[in-house]
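Below: a set of structures, written as structure tokens.
Next, two complexes with chain A in common: one pairs it with chain B, the other with chain C.
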Partner chain A sequence: MSAADVATQHRAHVVQRPWSAGRTARVAVMVIAAALVLYPIIGFVAMAFRSQTGVQEGTDGFLGLAGVSIQHAIDNWKTLTAYGPRGGGLFQRWLLNSVIVSVSGAVLAVVTALPAGFAMARLRWRGRRFWLIVTLIAMAMPNTVLVIPIFLQVDAIGAVGQLWPVAVLMGFFPFGVYLSYIHFMTAMPHELVEAARVDGLGEGGTFFRVALPISKQAVALVTFFSFVANWTNFFLPLTLLTSSQQNKTLSIGLQEFIGASPLFNPTSAAGLTVKLWMPELAFATFISMLPLLVVFIAAQRFLIRGQTVGAVKG
Partner chain B sequence: MTATTTLPAEAPAGRPRERRRRLSSRETVGGWLLSGPYILLFLAAAAIPIVFAIWKSLQKPSTILRPQGGFGGLDAYKSAVTDYRFWDTFKNIGIVMAVWLPIMLIGVIGLALLIHASPGRFGSVMRFVYYIPGALSGIANFMLWVYLINPSISPISGLWTTLGETTIKDATNPFNVPFILAAMLFFQGVGTWVVIVNGGLNGLPEEVFEAGSLDGANAWQVAWHVKLPMIRPWIGYAALMNIAYGFQLFMEPYLLQQVSAGAMQTEYTPTQLTFAFAFTNRNLPAAAAMSVILLVVTLVIGVLTVFRSGLFGEKDAR
Partner chain C sequence: MSTSRARTRLLTGGATAVVAVAALLLAGCSSSGGATGGSSSSSGSAGSTSAASTGESGSGTSGSGGGITVWVDAPRVPAVQAFEKAHPEIPVKMVQNDGTIGGQSTKQAFANFDAAGSGWPDAIFFTSNDDIAWATSSQSNYAANLSAVPELADVIKGYDPATISFCNIGGQIRCLRNDAAPDVFWYDAKFFKDNNYTVPKSWEDYFTLAIKIAKDHPGKISGFLGDAYAVNRYLQAANCPTNSPKSETEVVLNPQNPNCTKMGQLLDQAYQAKALSPLGVFDADAVKASTNLVMTPGALWYGSYLLQATWKVPAGNWTASDPLTWDGKPSMGDEGGGLWGMSSHVTGKEKENTITFMKFVATDPAWQVDLSTGLPAYGPDQDPWLAKFGTDGYYSNLDQLKAAFKSSLAAVAPYQYMLYDTGNVWTQTIPTTLTSGGTMSAALAKFFSTLTDQAKSIGYTVSAG
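What follows is the complex of A and B.
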């Protein structure tokens, strides 16, 4: 419509015709789609701030919005933190584990991806093309395909149930290398590399003294995408950490909550003192989303600028 | 290997000798050193596990009497393929993808074109709204769906009443499961892909659309006859990436089975079967064999994505 409208205006000097049939249909479809997206999400977030009593009695009105209160959220938090052997505390522990592996994984991803992306974009070396293709293919494959082979490997060295292998494996982030590669291709002209060379800098010096200082954008993007991928990763922690209840991350911790909920497993949940109903589950999910919200806001200005780059992978 | 065959094309015959010499010495050292940490992680997180899985898939499963296993040839592949669940898992994936992919592609392309036709604030607000569920990825998205598919608490309980389902066990009956999974995947993925395809549309030259509208085409005709053919590479890319994702489906059916009170089969997808070989049957060679089979399938799709989607290749893999 944009181009069409502009062209019409240029041609006949008429003001854009308001609300033609086509325009009405377009706006209507888009608004309906937006409502379909928002409706369940609003209901779900509201659920985190409701009480099981309200849910059960069905007195909370449209989407449960009438039953929303901060007091319920506080109660839900108390219930969640009471979960676990010897007075609870597992929820906070899982939250901490998630922070540890996601942050270390993201740091490792940044530290490895930027120099590799620079080398692939701006250095001419044997192996450059090979590693670039390997990176692209690795990026195009869902990472779950390697999880069982990774389990076999970690099992062979006896490190199943420990956090460090998870953090190290999360550090392998081909998409970050691709982002850095695109960054150096677009933001660092060849002349800059040549100038550094004339100044007598070696490859390492060029990277650390010339390339890195202009890479705030790439660092932010790699950190953001890597952190989000690590935080939401499910299959890797599931295979490597399920055996140790203390070392679970939040994503598989939430799975344990589902397993312990009387909603789905009345018999096994009957033995537990902590009852996790839908409001508690929704609140746990809500808490698990907050760090993502924080990094999203922190990275937002870089995301908007880097949209064309960031938009290459889902 | 690939480098040696293609580099001459990059450095044509007329290039000064000096360039070539540098290519093979100083910059090569610098290239390997700077990529070194990444390559080490690639070895630890991809290459070694793959080689180890291939080796493991050629072993015999270890038993109490024979804890060492030993060379078993293709036995593990045989036991994986002849497992009574093997073909069923691929059939299930096929059904889910048959429901999900068309909805996904139509939804993504349709919404991307609509956003592209809506310049200004309205369009960008809508794009943001569609992106929101993408932020609820992984288990958070699943939790949301647990709330939606539980007829007693669902905000769409009217739908469940119409279908005659009163418990979550009813709702997750074998007929509904592909639709529920397709809906979950659609809800989670559509926003991200709309942003990607919309980015592709924004990268196209405006003049082309203007020319179209000057020829008397209305906005819908421009979208259908001009924009759609031009974003074909993105559509191909989206289709291939989503097919690869579909083959690897694990978390959603795995968790859905957990809440279905036994209504759903335990090994619904190939990756779940791999998981069961490893953790339920403790038959590691069969799990490895299954992984290798899936790895080959997704590797083929990955190679197609890189070399055939038209988005990489020319500018990147040069």
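What follows is the complex of A and C.
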């Protein structure tokens, strides 16, 4: 039997597979579940590309899809960028701030987490177990516990309202340390470290010349999770950046948009010249999602491979 | 072994040295960096971040030269800009804060400033009137006693005592009112004329007429019950104690108070007669329901914001009349109207400039008459503002409406803002009970029960009178 015959037979088998009650039920459940998830997402994305007039008049059809247009998105962008005192521009500024702190925080997290994870996994030193437990405790510690101590420390050095303390604190990423630790424990055989030492490499050389080149997945994972955590971090910027208009990040800026929208504060927003309605708010949120999508797509190849980090002991 | 210990000691010592050097570097860097601006309890100077260095003000430099930091919500930004135009000699750092009514972010930020002993803004517009409660608590004590500021004595005298009563805390004026938002009696004059109805004078007349209209014209409604301001619209107007502090830690909350039971019965009867809607005035469905609205007590901003802009009620029909009476005296609620606060921590030149700012935003026509959308709370600005109001011909009987606006100012029933959010408790209990088929009596019982629980959980001692 040729390969072509096998393929034809396989296709025939697939096509002729009977629709049993169980299979029909499974597909139906999956379709319903997918619809439940997709329905609000499609509605939300469509809203970002609609106009307030269409929303108000209710003429945009199912999920507002009939009212979707690029021109509306351009108009919504113009309205958003006009928001703020003295000619607007706050949205772009907050977007840039988010990029600055998220990227800086992610770079710091990678730079610190990978060597720390390597040291915990493959070096023998006093207190190793203790620091591993400390890392796990730090991972589990809720943000709310740290608000006042962090604020007081940053205030003590006069840096409240500035971006750099936020980036530095975002670089503190114990989950990344733990992830790196698991990676080096499982993906890097002990024999490799021994061989490097026999070849005369020191600890630094072993890390940079042996461990790091085989850790692309770990770097991608730590970068991805760190960036996502930084980009969506609300509490830290809220605590440290509330008193600085220009230095807010998008996560807390979106809340300010909501507070200034006639939809949520009808009376106080009555006197606003720039009014942010549902399409503008949805567009701002949509824009804030884009960097996450870009990072996810860029890291996807490594993420899929990296999912098995820790699954099999090397 | 000894070599290992020596190495450990060396490493520990080295690590300590690195940490110490890093800390010194950070501290050194910080001395040239900016702080949050605003007041410091130790120096009383404005924050070290100059307006120019942050690029937030664009009005020049600050430092210790008297620059002030002010926090405002988005609609009050023009007030700050008008001040900068009028006083270019005073550098202003403006921070636009979260304008969410009932939001907690401002309160949380101030808790951090209190813990740090620095960072407060020199002046603030309180987006939520409830904020004045924590800002004047002994724990925070942020809002300065303006009664003790001689430069503001004339300003305070310019307010109707009822208008500024929300700022009168323990006999001290702790804030200045931006705009007044007393309730008036709104009605559809055309509907009344067409059906020969007489405009009610008292609350009892209003409810009697509401029931009659609901009977004569099924579907017509005479008010909304489901928004946070409804508690002011009805219970405050009836002098029902929901927000009546006896001291900073003691509050009177008594559902059995005769005023509460009487207003409760009137609301219950009207709701049973389908004369009142369980919706709130800001609900999306209220737009449709408003086509059946024929009268309602409501703030004077209902006219321009709700009737004209949101509900798009046809022009030429609606007007307002004098406040309704309760026990023979004019008595209405109050729905909103923002408050300006000044920091008690500010001193020196900054204090002088902050007082100038407070005076400007509370009284100056460049803001209050030319730019503000609400009726100025400051008496002398009211006539010039009213002269510009309603010139588009939207209202019926404009002279009567303006007279009603002015007479309502003194009719506002006593009410103090508390650490608990009465309006929020109202929206959590009343509409949910009503829409699930409950009576107004049951809804009010749930409201008082929840309010009492919340007051106690915050630390208030609750008494019946």
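Simple rule for what comes next: the second predicted complex is superposed on the first by the 281 of 314 C-alpha atoms of A that agree within 3 Å, B and C clash if a C-alpha of one lies under 4 Å from a C-alpha of the other, contacts with A are read in each partner's own complex, and residues count from 1 in each chain.
Heads up, the rule we're going with is that a contact is a pair of C-beta atoms (placed from the backbone, for glycine too) under 8 Å apart; a residue touches a chain by one contact, two chains touch by 3 or more.
Computed from a predicted model, the values in this text were never measured in an experiment.
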{"item": "Joint occupancy of chain A by chain B and chain C, clash or fit", "value": "clash"}
{"item": "First (chain B), second (chain C), both or neither touched by A:Ile287", "value": "neither"}
{"item": "Touched partner set for A:Leu272, first chain B, second chain C, both or neither", "value": "second"}
{"item": "Which of chain B and chain C A:Ala196 touches, first, second, both or neither", "value": "neither"}
{"item": "Of chain C and chain B, partner touching more chain A residues", "value": "B"}
{"item": "Contacts of A:Arg26 with chain B and chain C, given as first, second, both or neither", "value": "first"}
{"item": "Contacts of A:Thr144 with chain B and chain C, given as first, second, both or neither", "value": "first"}
{"item": "Partner chain in contact with A:Val177 - chain B first, chain C second, else both or neither", "value": "first"}
{"item": "Chain B versus chain C as contact partner of A:Ile258, first or second or both or neither", "value": "both"}
{"item": "First, second, both or neither for A:Leu152, with chain B first and chain C second", "value": "both"}
{"item": "First (chain B), second (chain C), both or neither touched by A:Arg126", "value": "both"}
{"item": "117-125, 279-287 or 297-305: stretch of chain B that collides with chain C", "value": "279-287"}
{"item": "Touching both chain C and chain B, counted on chain A across the two superposed complexes", "value": "126, 148, 151-152, 156, 239, 255, 258-259, 264"}
{"item": "In the complex with chain B, residue positions of chain A that touch it", "value": "1-4, 6-8, 11, 22, 26-27, 29-30, 33-34, 37-41, 43-44, 47, 55, 63-64, 108, 111-113, 115-116, 118-120, 123-134, 136-138, 140-142, 144-146, 148-153, 156, 168-169, 171-172, 174, 177, 181, 202-204, 207, 228, 232-235, 239, 251, 254-255, 258-259, 263-264, 278, 281-282, 285, 288-289, 292-293, 296, 307-308, 311-314"}
{"item": "Chain A-touching residues of chain B, taken from the complex the two chains share", "value": "1-4, 6-7, 10, 19, 22-24, 26-35, 37-42, 44-46, 48-50, 52-53, 56, 110-111, 114-119, 122, 126, 129-130, 132-140, 143-144, 146-148, 150, 153, 155-156, 168, 187, 189, 191-193, 195-196, 198-200, 202-203, 206, 209-210, 212-214, 217-220, 222, 240-241, 244-245, 247-248, 250-251, 255, 258-259, 261, 271, 274-275, 278-279, 284, 287-288, 290-291, 294-295, 298-299, 301-303, 305-306, 311-312, 316-318"}
{"item": "Chain C residues within the chain A interface of the complex", "value": "8, 26-27, 29-31, 33-38, 48-49, 54-56, 58, 71, 73-75, 77-78, 80-81, 94-101, 103, 105-106, 108-109, 111-112, 115-116, 118-119, 121, 127, 282, 301, 304-305, 309-310, 335-336, 338, 371-374"}
{"item": "Chain A - residues contacting chain C, complex", "value": "84-86, 90, 126, 147-148, 151-152, 155-162, 238-239, 242-247, 252, 255-256, 258-260, 264-272"}
